[in-house]
Amino acid sequence: MRKIVVGVMGPGEGATATDRKRAYQLGQHIARQGWVLLTGGRNAGVMDAANQGAKAAGGLTLGILPSSNTSNLSDAVDIAIITGMGSGRNTINVLSSDVVIACGMGMGTASEVALALKNGKRVVLLTDHQESQPFFGSLSQDSIFWASSPDEAIAFVKDALQI
Amino acid sequence: MRKIVVGVMGPGEGATATDRKRAYQLGQHIARQGWVLLTGGRNAGVMDAANQGAKAAGGLTLGILPSSNTSNLSDAVDIAIITGMGSGRNTINVLSSDVVIACGMGMGTASEVALALKNGKRVVLLTDHQESQPFFGSLSQDSIFWASSPDEAIAFVKDALQI
Amino acid sequence: MRKIVVGVMGPGEGATATDRKRAYQLGQHIARQGWVLLTGGRNAGVMDAANQGAKAAGGLTLGILPSSNTSNLSDAVDIAIITGMGSGRNTINVLSSDVVIACGMGMGTASEVALALKNGKRVVLLTDHQESQPFFGSLSQDSIFWASSPDEAIAFVKDALQI
Amino acid sequence: MRKIVVGVMGPGEGATATDRKRAYQLGQHIARQGWVLLTGGRNAGVMDAANQGAKAAGGLTLGILPSSNTSNLSDAVDIAIITGMGSGRNTINVLSSDVVIACGMGMGTASEVALALKNGKRVVLLTDHQESQPFFGSLSQDSIFWASSPDEAIAFVKDALQI
């Protein structure tokens, strides 16, 4: 039977120390809940930190790579999906996640939040980027939630999953 | 030799009357410059209006459809690219455009602006959506331009193309 | 109103002199019929030869590139669709073609013939590769046609388009 | 650390009873080796049978769906990758597999074998479809192996993985 998959999206090279710390904690929480962690799979920023956190807590991790090989895969990813589709894989990231958590903000992350909302997914935002809340809040009233900590983000995910 | 392609991205069913009027004018301008118009191809909102404008001015129009057939194609599209990839085609829209004009704002359009910036494309925003400028301005300083009319948007495109 | 698009698929670097000669003639024929030529867009083999033929006859050419930029685009392509999706673009090639002509055979071409048949497209094969006819003939009885010359291939396309 | 992923590709509705029996056994073998099973994820034919076999043997199963939701997912898939890309996902199937086993033959399977060879993957064919061997053998000498039983197919996979 299909497992619950929770996506953590966030900047790679542009992630802040806070983004990475939160991503690590999100990964731990997701693993402890028994959910599968989905990320963009690269060995950078939020992607790598979330996977490291999930593996430290004994979780299962899934990385959806933009590249056509595994040369830039995080070593904390268990299962690599190799798309060779560049940013085209961002749609797959959000469609395959039961709930999307955006941890930090950047151009790629913004595209994923927008694609998630466009495709009817619920999104939790966990970021200090101040312009994100008014922008995404203006695009969607019902499907987006604002968290101020990993704990609060996970509480929103549980609520969205009706657990 | 490859023709210049200018993309006009914008809401479908959610487009305002102002968005559609501006999109029609953008289509006319693009056709008169001898550029190819690229849109998301559907017979709705900004996509359809831009194509109608371009055809009224004798232009060539290209529609990149999300669907796997042409049942929802604008009748003002000359050449349909049928992707069958849903929102996955948004990446193709921006990669194939020499410059991207966002006319109006919505979840799909936001994803295209973000994907364009992520992939190094220059973007012109023409929208009354007030939260867009601070949000995208915080993500990119150099690659995004704010236009208040179709004329001004086209001037930015010419500048970006160094014409 | 949408123009008729005819796809010519075939090997790049692996094309034979016969494949390239036939591709050039197919391009000429397609242009003279007023159809748009669609290819995989690269400056190699059947793709390049078909585009050169179409341009020599005054046609309009469309190239669907696997790469994320135009560095390997045939100089006889008018409109480049830049997918950044590698072989993932093969599905787009066949969905966007009203009829597919396979000129020559190779691994990429085989995938396109199979994807075309899978998606309900009619396919004309023009190749000296002897194993192709029994193989594809066993997969489809109704949707595949065997041509022995560019003239015959175009006659099949006209028939398929009911012209 | 990344797990080994073995893909089993084959017909859905067109699968024969032999194809399904072999697919079930392949799934069992793959699970017993500790490899992750990758399929196209639908609840039909070879895809479903391979997943059922892997789950019966306690394995982990990954389904790469063509659709944009899970309405046609095999109930023996643990992790669903939802692409919304139709046949465009066939490229992802083969790129994400360390080795590809084709069990049975059809238009979709043929596209996957061709895409796998095109992208440098090793392929094991296990099918009674007689035209497959001369066809694919003519396209690739080094990367394709012919198996007459699930046991033999798994032996080829071990050899390809140098285990």
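Each chain carries a letter (A, B, C and D) given by its place in the written order, and its residues are counted from 1.
As a working rule, contacts are C-beta pairs under 8 Å (C-beta built on N, C-alpha and C of every residue); 3 or more make two chains touch, one makes a residue touch a chain.
These numbers come from a predicted model, not from an experiment.
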* Asked: Would you say A-B or B-D is joined by more C-beta pairs in contact?
  -> A-B
* In terms of CA centroid distance, which chain is the most far removed from subunit A? -> C
* Asked: Using mean CA coordinates as chain centres, what's the subunit A-subunit B distance in Å?
  -> 28
* **Geometric centre distance via CA averages, subunit D-subunit B, whole Å** => 40
* Structure fact -> Multi-chain contacts in subunit C, i.e. residues touching at least two other chains, fall at 68, 83-88, 91-92, 119
* To do: Under the touch definition given earlier, write down the residues of subunit C that touch subunit D in their complex.
  => 85-88, 90-92, 105-108, 110-111, 114-115, 117-119, 129, 131-132, 134-135, 137-140
* Structure fact -> subunit D contacts subunit B in the complex at 68, 83-88
* Asked: Considering the complex alone, what residue numbers of subunit D touch subunit A?
  -> 1-3, 5, 36, 62, 64, 68, 70, 73, 75, 77-85, 91-92, 95-96, 119
